[in-house]
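Report on the following structure.
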């Protein structure tokens, strides 16, 4: 019997190795897999490349991972925030490398990895600093920039409900990067509010089919 | 008040002009917008470029549109079927141009049009006849073929339920090309089994948000 | 001269957003536009974090951490709204499905270039978010900004000196002094606030402006 | 010699599909594999028209026109199954999320090329469907075919003479006579049907085959 539900957060992140590339879901607090982040900090993997829309807020989650000096590089669209102190400090000291990517290009690069697309031309950022050094091309009457997929070893995401085959649903705007990140990592780990029996999720409303998910861990509503 | 629900099939297709490119949903019979197809035949627009997975079955729908000599070109993945006689005849007589595209590349080219992607590299068809004359590139350890988006003037699709803002849900495998075709046409027309009040569709389960849909026409279960 | 305040500017933008429009309002000043859409006019607000059909701000205490906009403020969803993931959300933007986006800006050039994401200062931490996608993707890119910087320089410029967000994409600019269309042949003034004449607007703007009088001349 | 019939071939393929595998079964012969997955072994069947978790064929009269597989046959959905659109379905394929696909073929070459979509005859109407996506996308491409054509020619070939579906992608071939792995150094015979010896298999196959005996020699 297939059973992707793992008994603990510790078990869920146990095999993450130093040097891994990790997609981390969430946009602000919505969809941030806080319980998995705490488990990753306890687990201690270092030298990580992290992909998230932001670069950590306050003292928890990604900010705490940065403060614990586990992150070598961040790929994100919006690192600078009022409460992104841990990122700011590590970045200014040169400990942390930053790759800044427009938000839609970030999403499409992740989606491309999951969909087996080798590269794509996007109009976003054409003629700007963020396209410097990149291949460009005029197609029809628009100019485009060539972008490459972002593949990852792990994705840590937060969903709402999950079953033992790894099917997931999300809640409101907490969906954000979850479904595309799930598709782009070799091993996707989802923390869920609730686990349900097979068949309880409406097959018309499953957002992430289980094929994209390796591990599901239940945290309840609090995490 | 926004109201995308139109009163009749005739009204829904009235402005389709000769020479239009039309995406037609459906895979086999599932999701085939038969009522809209009949209306298009009655309407009479000619010289059409049609995009569908197949090239018509039996004597109805796309097959009837071909028999009525309204189609100049078909872009599809699987024209040859036991009951694709109208296509076969028109193709062999030279009246009908065929562009054969692998099914996944067809889907991705339609999706690319909807998503504003200028072109993409796919591994599918590399080293085959269907990649002849196309730009190729090695990226990482795989070889890819460059493919362009398929933009269209109209999409005719079949959905299950729809509301006055154009939100749609589908039924089982009748979903197939509907959501991506809806995104890739200037004017998307959906025939639905049932129209519902705003808010009756669960916002977590809307498959095609209304932004992609211009007209909704109710046909009931029969069509 | 009566400079428009932030709410007057927002109301002026709202006036140009017709029923049925799909609109993305940028973080900050543009967000105010939502408050000025006339009652009964159905306008569909999109936010790039994956929601279409945003409603009014929630009542105090009724906020839901899972329902936020791109500015990470709590919002509500209208009946008829929907949720989707980030790739689908930016497909809407990049695929030119939004009728309007409204962005703040540091500078807008005569050619319609916009700079709004980065001061370019060597010690500044850059952050772009969805600004570049919106600038290149929306059918109509509207800019809302003060006409002058705090030190009195025009934010309408011949060429942007700040790093670009998007090239040749702005169609209309709303400032606290005027509304200006950007067309292939340059900047056309549509409205000027009461008590300011065109000659004075031209003087402080520092870039060539066209106006109905000058067009006739 | 006891040639395997279609169901024996399907059972032999099913034997190699482990619990938890995500599998796409091609139209025709490969579809039979579903009937031979051992009871209690959870294998998830995908069909490219947008369904994962296909169950057994529906009872007579219980067919639903909206629930079909890629061969347009009525199917059922298991509890835990799901529906998705075509671009997402082919993202699963192209993105190498399927563990196995099972395809029929006209020819398979020593290098692992497969030809299964087009005879290349000048008057033939070509039709490709999802075959090229599956051939390039699945982690393991398994081929099920008769060993010989009706006129007795080997379908294992040095180079495909029919137009290719995919290059260097087949990992294992199941015929009515043998099971053959395709590795960088050539074709390795895994199983032979009872009553056929390797020398005879080699003779009728016409391409160099390796076998445990020959490997030792």
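We just call them A, B, C and D in the order they show up, numbering each chain from 1.
Assume contacts are C-beta pairs under 8 Å (C-beta built on N, C-alpha and C of every residue); 3 or more make two chains touch, one makes a residue touch a chain.
None of these values were measured; they are calculated from a predicted model.
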item	value
Labels of chains that are neighbours to chain A and to chain D	B
Interchain contact steps from chain A to chain B (minimum; 1 if touching)	1
Pair joined by the larger number of C-beta contacts - A-C, B-C	A-C
Distance from chain D to chain B - Cα centre to Cα centre, in angstrom	29
Inter-centroid spacing, chain C versus chain B (mean Cα positions, whole Å)	35
Centroid spacing, where centroids are CA-atom means, of chain C and chain D in whole angstrom	55
Chain A, residues touching no fewer than two other chains	108, 111, 115-117, 122-123, 170-172, 204, 207
For chain D, residues contacting two or more additional chains	77, 83-84, 87, 90, 93-94, 137
Chain contact topology (line, ring, star, complete or other)	other
Complete list of chain pairs which touch one another	A-B, A-C, A-D, B-C, B-D
Chain A-touching residues of chain D, taken from the complex the two chains share	19-20, 22, 42, 44, 46, 52-53, 77, 79-84, 87, 90-98, 137
Partner chain C, residues of chain B touching it in the complex	1-2, 111, 113-117, 163-165, 167, 183, 197-199, 201, 203-204, 206, 209-212
For the chain A and chain B complex, residues of the former touching the latter	108, 112, 115-123, 137, 139-140, 142, 144, 148, 169-172, 202, 204-205, 207
Residue numbers on chain A that touch chain C, as the complex places them	27-31, 77-81, 88, 91-92, 98, 100-105, 107-108, 110-111, 122-130, 170-180, 207
Complex contact set, residues of chain D against chain B	47-51, 64-69, 72, 77, 83-87, 89-90, 93-94, 118, 123-133, 136-137, 163-167
